[in-house]
Structure formats: structure tokens, C-alpha cells
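Several structures are given next for inspection.
In the two complexes that follow, chain A is the common piece, with chain B as its partner first and chain C second.
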Partner chain A sequence: MKDVARAPDDALEVYGTRLSSRLFVGTSMYDSPAILADAVRASACEVVTVSLRREAGGSRAGGSFWDLIKSMNVRVLPNTAGCKTVKEAVTTAQMAREVFDTPWIKLEVIGEDDTLQPDVFGLVEAARILSEDGFEVFPYTTEDLVVAEKLLGAGCKVLMPWGAPIGSGRGLNNVFGLKAMRAHFPDVPLVVDAGIGAPSHAAQALEMGYDAVLLNTAIAKAGDAVAMAHAFKLAVAAGREAWLATPMEPRDMAAPSTPVFGVAFR
Partner chain B sequence: MNIRVNGIDCDVKASDLESLLAELDYAEQTVATALNRAFVRKKDRAATRIAEGDEVEILTPRQGG
Partner chain C sequence: MQVQVIGAGIVGLTAAFELARRGADVSLYERRPGPGLGCSYYAGGMISPWCERQAAEPIVTELGIEALDFWTKTLPVATIKGSLVVAPPRDRADVVSFSKRTSEFEECDSRRIGEIEPDLADRFPYGLYFPREAHLEPRDATAALGKALAQLPNVTLRYSTEATASEKFDFTLDCRGFAAKPVLPDLRGVKGEMLVLRTKDVSLARPIRMLHPRRPVYIVPRTDPHEFMVGASMVENEEPGRITARSMMELLGSAYTICPAFAEAEIVEVGGDVRPTYPDNLPRLTLRDRTLAINGLYRHGFLLAPALAARAADVVMKGAHFPELMQ
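Right after this comes the complex of A and B.
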């Protein structure tokens, strides 16, 4: 087994909160509220992401959604999705803190529409403002080590690099960069956020030593969202156990697994 | 008085943010508010005056990824 500081229950600790599930699940794009609720249950996740939005006049959809989330007995991680400036992100975070009654904020400052990649300059600035204001910031970032250092310096105690562009389902686009990030920050909770498309991607992230994954579309847009949520639960658990068991190092050449000594006819 | 609420031009009677929420039937809802892109706490809404041309955001919990 890997020589890592490990709680007996292998809990993930973020901002002093212990979580037994290493799967964070988004609440958007499900075919119905009932399917969302069933999927969250099947995933066994303890954290779901939510947002704040304008409500169409008289729809009252926000109230019923919030009632549903409160009934699930999960923690909420509000996001600043769609914000493109520091000012927008900070104001949205302040609004979210009041409504959702949590200091947690998934900080997104989007810099480019085609890839939805973060504006890392604005991200660092917003992270500093929010951390100084008492927020516990979960920054949606890239695998850039310099940006990561600056986010930590700004007060973040967890980092959430993308696997691939949001909603793309492409998996881990830059395995080398993500491995470097894991190696460079061995003690910082790292969560792959965005781009996960299949349970194998989630397992891969955990096998690489990532502490958790955050995903939405891969479950919500699956043919059977509830079954897929359960598949992700299993994949994350398998990936974590594999990391702790220390995967073998790949080799370039074949190496026989059956003993060579005693082969007949030689 | 003409203001913009959630990006839509509105003609309203209210002169403070709390009254505006009541006028627009948000009084019983869980909402967060901003005035001219600055957050306004729930406890400050009654004392926050609104004026011609102001931009008000009224946001509610929604699905998110």
C-alpha cells in the first residue's frame, strides 16, 4: 500500500470538512427532478454543485429546485458559472453565500467561449478577494503550475484543474500536465473538474492520485443517468483503491508473466 | 419609475429594494439581490433606495455544474 497519510476511513478533507465520497456531481441538464434525485442517490456523492440564475417571471422553478436539493441531505457547492469578470464572479459568490448559506464557492471566471477555459488572471484576483472575505474557494483552473501556486498564495486550499473543456466528455486531455500537478502539490486536495465523459476517465484521475472528480454532463446526458451515476461511484472507488495500491510502472517491452524457467521443449 | 430588473425594463412603484421584491411577487421566495452590479444583503434591502435607471438583479437557486 502507498505510504500516504491516510485516515482510517480514507476520507477526503476539504476546508476542514471530511467527505467519504470522492465524487462531486452537478445538478444540471437532467431529464427531470426525479431523475436528478435518483442519480444523486445512486452516485452516493455528498457534494452537488448549484448556481444562481434569473427566474422567468412567475415560474418559481428556483424554489422547487432548492427544496429538492435540501431534501437530498447533501452539501452544496455553489458556482459562479458564466461569469467573465472578477466583479461578476465576486458579486455572484456573495449572492450565493447568502442564499445557500455556505462559504464554499466553486469559482469560475470564464475567459474564452469556445473552450470555456478559465481566465486564470481574473481567477487569481477573484480568489484573493473572496478568500480575504472568508470564502472557501474551489477554483476551476488549468493544470498550469504557476497559476496553481498563485491560487494557493491567494488563499485557496483546494485546486480544481480541468480534464478537458466543460461538457466535452473528452476525458483527461493533458495527462502529463495533470501528473506534474499531482507530483508538485502532493499535499493539496486536487479535484479534476470538467471534461470527464466516462467512468474510465474518473478512474484514471483517481488512479493518478487525484483526490476527487467533479462532473455533470457525463451523468445527466447518459442514456440512463441513474445507472451511469452508480457506474461513476464504482469507478471513483476503484480508482482510489488502485492509487493507494500503487499501480505498476508501464514498460516499453514485453515481460513474460508466466515463469520462463521450466518451459517444455527447450 | 423606470428601472431594469433581470435585464428587462420595468415601471415600478417601489422606492426600496425590499418593497420592489414584494411588488414583483418575490417576497416569499429565496432570492439574492444586487443593485447596479453590487451585492445587497437581505438585511440591507429595506434601507437600499432604488432610483430611475437602476439595474436590479434578483437571482434564485438553480441547477449548476
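Right after this comes the complex of A and C.
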């Protein structure tokens, strides 16, 4: 039995909401909203994340696209993608709460334009402000344990460390760090967010005990987004089942531990 | 046959032109004071059916190929110089994915890119050259259509005139673009922003597309050899006529990356509008009684308008049905 708390039906519980899918899907960069809707269906995900900062313009003019998202009948996790300061992120979160009528916010405070890695100092500050204001914050962070601790202190009840830089498709760059994070926070829902490029990366995250993965480009920019969405659904389910089944420990054959004396089966 | 066409953007102009050529009496109404002053005004004018396949369904390529003939023979305002797709070294992956989804190109190394566009010599290690593609100056094209229509005896042009579908006509073509949203509720606006740079330090003979994981940009040379259109953002936002500082920085940054000599160029224009778009990003002909709406050309106005005009004329004059566009 794992020491990670889990419900008998294996639902994922985040901020009191039970989810049966462990795949969160982003909504950017699809060839069309119609393909996005098909991909979301094929992925069987229950949560999609939507950016608002740039789309809002001066008069919340992203309305038609947001209506399309709402019509997909999945839970919306608005995000603050593109925000570089605490103030921008807080303002965008407040708008998102109104537009999508949800306390959930995927908090991104971007610290570096090129790699899009989080500004963890701004992230902690924004997380505190938003949590105090009643938001349920999903922070996009690194695998840094100290930052993770501070985010929990700021009121976050979910952590979303990156696998690799956003859009890079490189998979889990720091497996050791991610394993340490899992071991350190056995009772906190952990979601690998960003960097997933292939279904095998997603399966790997779940096999390591991560509770879910969040990805966008890997599906949106696949040659066939809908088929790839389905592939991710299968990979996430496989990874989760593998974790629950307790994978075997790999054996190191390079260092013989048994005496060679009397070996019968050469 | 008396046909009313509402809207003198690229869709209304090509539809009116096609109907008039086939002998219909056409009355074209436009609320603005001249042809091509809506979102067509801000178009790039790339007639690139193969490049566009990168993010569009096959039908866009199929219909788009027809535009090459229209813009080089029927109304010859385009030049076939091909188009060039490049990416900085670190974004090679984007060139590879682009090549997987497109066809009719030649793979280029740095030397070959320099042969095609000398000003890009030694700037990009990889590229794709699509030799059969064309480009045009959208404002010249809409003006030429306006002029051609004005010379036809069976065409009446009414600019600065609001119109609604009228019983006086045998048929009405609704070509109003995003303004038709009240009757075509599926439409959404996808904002595009552009700017025009002027410099004598850069020479480009053909459209250049620079790939980037988040903000691909193209530069299209204009009729004036010293002017270059840089475009275009793609934002799920319905606010016309306003360019954000971020978009401007991105467009300028990309232009500078393509050719550093743009740094000293004069910014002669900034602008933007919204592209009328259906949820599948594909065009649609919507027939209701005796009104046919042509809409949803998204970022493919000049590429798709000739083929859609021909099909719309078939619907109006022969009762034709095109399931791939009308379901």
C-alpha cells in the first residue's frame, strides 16, 4: 500500500473537487477550436486551462473563444500565462474569476522570457495574496523544495512543478528532483506542469507517483492532435495503474552481489 | 438575374466580379467609402496554399491553388516569386514539423537561402523554399477589383451605403465578414495586428516566414520596393483597431531577427482588425432562402476568396451544392 492518501475509487481530489481523469489539458495553439474540442473529448480530461492575459484586450474581448471553452462542459482552470509581475497575475486572476465563475487559478508568474521559467519569489507573493482573497491556487513552480514549502505556507493545496521548460517537449528533466518532491510532500497533490512532449513522459510522471500531468503543446502541435490526445489518456491511465501496482525495483547486474561459487545456470 | 452583394471586402469584391463576369446584374453595397477598407486592408496578401497547410485542413490548400490562377491571370496583380520559410538555429524543430505538414518545397541550407534572398545570407542555417507560391499587395488588389467592377456595364457600386437583404433582388450575397455575427452566431473574431516598415536598406523579393514556437511572423514585400508588411499576431480577441505594445515588440523583434537592417526602418503604419472565423477555422457558404452568406475566411481571405466566389456564383446561378462548404 502506498503512503499517498487515495480514495477507494482512485479519484484525484483537488480543493475538494474529485476528478477521475488525471490529465489536465491546455487550450492554446490548436489548429482550430473545433479540433481543440475533439481533442479534449478524446483525452477524456475533466479540466482544461485557459489563458486570459493577452486575450482580454482592453474590454475582455476574448468572449467568443471563452464561450466555446465553456460549451465544452469541462471544468475550467484559468491561468495567468504571460504575466510577469505579481500585480499583473493578481489582476488577471481576478478577471478570470469573474469570467469563468471559479475560484481556481493556475498561477504563472513568468521570470524569464525565453525559458518561461517561473519567478518563484513573485509566485509565492501572488499565491499568498490570491489565497487570502479566497482563490484556490494551482502554482506553476519548479521542483525546488524550499519554494514548495513556502507555497504551501502561502495557502496552496496543490503544487505544479515543471518537467521541463514550457513548450520544450523534453520530458522530465530532473527526475531526481521530482522524486524528492514526491517523497517530501506525500500528502499534497502534485501535478507535473510543462515540458511533457510524449505520452511516455506522462506515464513516467504518474509511475513516479505524481497525481496528474498538465500539458498543451504536446497535443496541440502533434500532427494529429485528436489521436495524440487519446494516446495521452491511455498513457496517464497506464502510468497511474503502474504506480498503484508498485513497480518492481530495477536490479543492478553490473555489481554482482551473489557469490559466483556454485553458479549452476551459466 | 439581379444580385445584391453586401460588403466590398475581398469576399464581396471577388463574388461581385465573378457574378458580373457570368452575366448577372450586380449591385454592390458597402458601408465604408470604398473597396477593401475592412479587415482586407490589413491582410498580408500571401497566396501560399502549400505553406498554409501547416495549420489548416487540406481543403484550404485545394481551394487556395485556384487563387494562383485568379491573381496571376484573371486579375493579374500577384507575382510568383515563391515564399521562404526560415527559423533560427535553435528552432530547427519547428522547420522539421513545418516540413512534415506541408509539400511542394525545396529544403535549403544557409548557402541556398542566400542565393534566393541575398539579404538573408548567413543568417539562417535551414529553410524551406516554396517556389510556386505568390504574393500581392492587398490594397492594390481590392482597388483593381473596384476599378474592374466600375467599368462593367452590369455592375452598380454603392459605397458609403448601408444595406440589408432586399426583396427587389433575385438573390443576396452577404459578404459582411465579422459584421454578420448577429445572423451568423458561430462567428468569432481572431485578432491580427500588423505594421509596415519602410527602409532602403533591405531588399526582399518574396514573403519570408520566420518560425517560432510561440510567435511566428512573416514579412511581405509591398509594391513599393522599400515597404514591408510585418504580420501578424493571432489572438483570440475581438477588439479591432488596437495594437498592443507586446504585439508591436514581438513583430519588431522578429523583423529585426530576420534582417537586422530593419532596426533603422521607419514605422509607417500600425494597424489591426479581427478575422471572421468559424469554430473549425474553415470557410462556409450558408444558404437561407435567397440569401447566401460567404464567411469565415479567417486568415485566408485573399487565398480563398476567388474559389469561394466561383462556388457562390454556381450556387446563385445554377443552384449548385457544395457539401464540403455548405453542410
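Everything below uses one rule, namely that the second predicted complex is superposed on the first by the 239 of 266 C-alpha atoms of A that agree within 3 Å, B and C clash if a C-alpha of one lies under 4 Å from a C-alpha of the other, contacts with A are read in each partner's own complex, and residues count from 1 in each chain.
Basically, a contact is a pair of C-beta atoms (placed from the backbone, for glycine too) under 8 Å apart; a residue touches a chain by one contact, two chains touch by 3 or more.
Remember, predicted model here, so these are calculated numbers, not experimental data.
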Considering only the touch criterion stated at the top, classify A:Arg54 as touching first (chain B), second (chain C), both, or neither.
-> both
So, does A:Gly63 touch the first partner chain B, the second partner chain C, both, or neither?
-> both
Of the two partner chains, chain B (first) and chain C (second), which one does A:Lys87 touch, if any: first, second, both, or neither?
-> first
Which holds for A:Asn216: it touches chain B only (first), chain C only (second), both, or neither?
-> first
First (chain B), second (chain C), both or neither: which does A:His184 touch?
-> neither
Per-residue touch tally on chain A - higher for chain B or for chain C | B
So, does A:Asp31 touch the first partner chain B, the second partner chain C, both, or neither?
-> second
Pick one for A:Glu98: touches chain B only (first), chain C only (second), both, or neither.
-> first
Across the two complexes, find the residues of chain A that touch chain B and also touch chain C.
-> 54-55, 58, 61-63, 65, 167, 217
Footprint of chain A on chain C - complex, ascending = 55-57, 97, 100-101, 187-189, 191, 213-214, 235-239, 242, 244, 246, 279-282
Any idea which chain B residues touch chain A in the complex?
-> 6-7, 25, 29-34, 37-39, 41-42, 57-65
Touching residues on chain A, where the partner in the complex is chain B = 26-30, 36, 49-55, 58, 60-63, 65-66, 69, 78-79, 81, 87-88, 91-92, 94-96, 98-100, 166-167, 216-217
Seen from chain A, its contact residues with chain C in the complex are 31-35, 37, 54-59, 61-65, 68, 167, 217, 221, 223
